[in-house]
Amino acid sequence: MTALDTAVDMTTALGTAPLGSPVLTASGCSAFGQELEPFVDLAGLGAVVTKSVQLRPRSGRPTPRMAETPSGMLNSIGLQGPGIEGLLAGELPWLAQRGVPAFVSIAGTRVEDFAELAARLRGVPGVLGLEVNISCPNVESRGEVFACDPVAASEVVSAVRAAADPAQPVYAKLSPDVTDIVSVARAVSEAGADGLSMINTLLGLVIDPDTMKPVLGGVTGGLSGPAVRPVAVRCVWQVHAALPEVPILGMGGIRTGLDALQFVLAGASAVSVGTAVFHDPSATARVHRELAEALAARGFSSLREAVGYAHR
Amino acid sequence: MTALDTAVDMTTALGTAPLGSPVLTASGCSAFGQELEPFVDLAGLGAVVTKSVQLRPRSGRPTPRMAETPSGMLNSIGLQGPGIEGLLAGELPWLAQRGVPAFVSIAGTRVEDFAELAARLRGVPGVLGLEVNISCPNVESRGEVFACDPVAASEVVSAVRAAADPAQPVYAKLSPDVTDIVSVARAVSEAGADGLSMINTLLGLVIDPDTMKPVLGGVTGGLSGPAVRPVAVRCVWQVHAALPEVPILGMGGIRTGLDALQFVLAGASAVSVGTAVFHDPSATARVHRELAEALAARGFSSLREAVGYAHR
Amino acid sequence: MTSYLTEPAAPAAQPPVQREVAVLAARPVGAYVELTLAAPEIADRAQPGQFVAFAVGGPMTAHLLRRSIAIAGVDAGPGAGTVTVVVAPHGPGSTWLAQRRVGDAVDVVGPLGRPFPLPDPGVPALLVGGGYGAAALVGLASLLRARGSRVLAVTGAADAARLCSVAELGEVADVVAVTTDDGSAGRPGRVTVAVAELIGEAGIAYACGPMPMLRAVADAATAAGVPSYVAVEESMACGIGVCMTCVLPVVGEDGLTRFSRSCTEGPVFGGDRVRFADVGALPWDVVGADAMGVVAP
Amino acid sequence: MTSYLTEPAAPAAQPPVQREVAVLAARPVGAYVELTLAAPEIADRAQPGQFVAFAVGGPMTAHLLRRSIAIAGVDAGPGAGTVTVVVAPHGPGSTWLAQRRVGDAVDVVGPLGRPFPLPDPGVPALLVGGGYGAAALVGLASLLRARGSRVLAVTGAADAARLCSVAELGEVADVVAVTTDDGSAGRPGRVTVAVAELIGEAGIAYACGPMPMLRAVADAATAAGVPSYVAVEESMACGIGVCMTCVLPVVGEDGLTRFSRSCTEGPVFGGDRVRFADVGALPWDVVGADAMGVVAP
């Protein structure tokens, strides 16, 4: 991808891990990368953020698993996936062979699950770092999701940070469905998060006018796509204003380079493109190109200069 | 409007106040009703929900006050309005003369302000009831908005209920920007709210790619429109599931009769049409007609039968 | 209290309608596209200075807000009933509008806003249009001529492609001065040069175009003791007066400044009543600024 | 372990491409619209059973998800390079597609999914199409004929207007049986009547159409000891395998049931491997159901 670039230095980092591009996939929106190979040069991405993995293989929820909504969609996949064994045996070696950095999203329902996943990923070739999905609203759990409680969220993050490879940065992925996202961000940062991923989906519900019941078997689902972008940019803005030193991986409705630019200006040093990939399988590469052009047109010589620029 | 109707009984109520139609305007989205006169029969609406009024006249914020967003918009009007004196002298008599019921939205920055507004509206002809805007995120206040704290929200509601005309139902308007909307709903219901209006806008932010600063002078603004509809339906669903006896005025992204039907099935006994009016000035009347047709097509003989039907 | 040369424009004679109408003609004019719409009810009601508001993007659109476009011409004769607009492709909505073709249907609300107040019959008038803003003055020019006014027109733009309605104004105005910033047509420079020369001959001035131009024309007119009316272009979400997004600080008849909606209290305002320098700000003396926490200096 | 008559369909020979292509022809066929697209790279790669995925609504669209449509025909000859699809207007996206006109551009990804596995040359085949599903079988019929198979085709629909590709199948198939639910064309009744009569003559069966029909054909084939392949239609968000919305319970070669993506592991599945009765449910024996809290009864 670099050959197509403008003169802008697009390198960035996730914590201590350097990235060739600030544009990543979003967890759960590009599976494990393979399927995008016909459409984009995977090695040109900042990283593939993998679908959240748990300890055991999961079937995910029954269908219907999605509903289209205005400028967005609702999903309730239920974290279908191969489990950590499957990931270590199949997907991660595939990515490593091709030189595609993996940012591995981990999920669980108990603090120990997260810690064990982090331990299993220590030193695995090609694993750039960990994104801790404490905010997925789709998975059944007895109570609140971790991300809605600063204490529970911190417990997960400190356990993961303690168990994880010191060379792998740990990002906590936050939910926007909270009264005060800054307090959650502060708590997980103090608990050792090297950075923050924002945002996960918003909790939503669609009722089918024909069946007159919720469309999704799981009743509620996660709302994503351009519809939620203003909420995501607001979260990034608020957290960057309060914690300017904490790196942010921004996401939520990014479809174009100018959308990505909003996140960068608000304080994100890298971005994930999620739902837009369903619309345009080459969206990640296009967003990289458009962002580079937009930065060049605005006189930036590097991406880093633009991070948080809207606050100045 | 009734003449155009199907056989479905569309009458409903806001608490004790009967309504001829379940379709109302949304506060701040149809001013005080006058401007819609060329497009709809105002007397055929359930009520005009007036722009939130405060004690004193307010200029509102400087422009730009809005940004278009995917399937929605961000606004930061800052509650421009004539103040309670102006409302009592001008807009309310205008509506009363025409037999258009007014559901008066009140706002303030102190508990006493709300109570005083409620007192001023006692016995005013044509005032059907009060919607207490404790959730507007646009107005500068020292701390959190009332709606984000169950205690502060309850204080406002109980003061309003105490000061208000006993014949006027008091609805508390809730913000979706909370970790647990059910706890806020429960608190304000226990504090005396006769019903709940849901939802107000979501806090959002748009950065202008040209100026590289937030578009709105107030930095953040309120996100509304179809983009937020799944969040609104989810809030109505959750609250109706927890508090089935509390009446709900549902809103957030309603554009068609089938959208309104989702809210009704989720538990709303009436709905407000907000941002859609900007797109289609006759949206309220059209939504009434389409909802009546949709109910008839599904075999309902009255709106009331359909309220909360998706939970059954 | 300062005295003002203008009275606020009065509301239109008739209320607007909302209609789905067909595009009868679409032709490029320089950098713009001129659309002719079959909209008899709007044509019947429209007065110069008014505008219409279009829904954009079709049935699957993610763009909810209406786009306001000035009415450039009406043909209200029997069997006619057309409205013409001139669209400059700018963002997604106006670009979509500019791509409409003959036979396409568009959803339009209008006529909206207050028309230009007219002077006593025979009073000579200066009309100043910037870019596509000139189109909105053609109907006014005809009307003034019909009422016996001498009509002096100035039309300017960045370049020749962005000039608008020069021929149409030429047919009705007594004088048409043309300026372009780059000199690609007419006199090089801004409209203000021509305005300075002609304002002395006018008993009233009208302007439509970008804000800095409106300000310059209003200032020149006021300085010359000539009342002026400007049609402003503020960002609008609804066009019908219900959203309060389109306000700017305007001095009322009582001498107090209010945030006035440019869609329903405008778009035509007295040029001496718009506080151009304060657009986008919240001066302390705007009614209700105190409640926003703004204090007098 | 039960033994199965089918092996899972193999992946396509070539990867998909994403292109903006022009509509070359658009014609109504009964209740549907047939669109011919200038898409040489897709035509070159496509194999029977595959589909394409369209972006819908144009540049201002609020509808982000792609719409999957089966490939009904390809003309990959030199200078040709066209792909044909048959669209049934259903919701907003397919309605928009069905309204495309000659010269319009559409954004399409394809060919997607696994093609129908082919039997040994000469094995007689039964092809069953329901509604617009019949269109997807025309290419398969030609290919089978070219490989020496006798082709028995059954096409059915609710009524005559919803029948599809009867003439096209007539040109390539040895037998074409037509049924309609209301008897407005062909034999009254469901395709199953014709299937019951013909399955005995077939060495392999293929079906494309609504789920209940696929199930009936698969069951009839399996009961007769005939391997069958069905092209399923599950609600899809991406069409390329990254979203996991399109899954259904399918028995793999190891005998275990997994939630398989109908876009990349299908849409063609062994008819005896799809657990039709459990579509939309989460049976306890699906791999990973235990982690979802579902316990064996």
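All chains are identified by letter, namely A, B, C and D, in their written order; residue positions are counted from 1 within each chain.
The definition used in the following text is that a residue touches a chain if its C-beta (ideal position, glycine included) is under 8 Å from a C-beta of that chain, and two chains touch if they have at least 3 such contacts.
Protein names from UniProt, one per chain: A, B = Dihydroorotate dehydrogenase; C, D = Dihydroorotate oxidase B, electron transfer subunit.
As the structure is a computational prediction, the values presented were derived from the model and not from experiment.
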item: Pair with more cross-chain C-beta pairs in contact, given B-C and B-D; value: B-C
item: Centre-to-centre distance between subunit B (Dihydroorotate dehydrogenase) and subunit A (Dihydroorotate dehydrogenase) (centres being mean Cα positions), rounded to whole Å; value: 34
item: Whole-Å separation of chain centres (CA-atom averages), subunit B (Dihydroorotate dehydrogenase) against subunit D; value: 47
item: Gap in Å, rounded to a whole number, between the CA centres of subunit D and subunit C; value: 56
item: Shared-contact residues (touching 2 or more other chains) in subunit C; value: 62-63
item: For subunit A (Dihydroorotate dehydrogenase), residues that touch 2 or more chains besides their own; value: 70-72, 225-226
item: Chain contact topology (line, ring, star, complete or other); value: complete
item: Subunit A (Dihydroorotate dehydrogenase) - residues contacting subunit D, complex; value: 28-31, 34-39, 51, 54, 56-66, 68, 70-73, 75, 77-78, 80-81, 83, 140, 217, 225-226, 275-282
item: Subunit C residues within the subunit D interface of the complex; value: 56-63, 92-93, 96
item: Touching residues (chain side subunit D, partner subunit A (Dihydroorotate dehydrogenase)) in the complex; value: 15-18, 55, 62-66, 107, 109, 234-235, 237-238, 240-248, 258-259, 264, 279-282, 286-294
item: Interface residues, subunit B (Dihydroorotate dehydrogenase) side, partner subunit D - complex; value: 70-71, 226
item: Touching residues on subunit C, where the partner in the complex is subunit A (Dihydroorotate dehydrogenase); value: 62
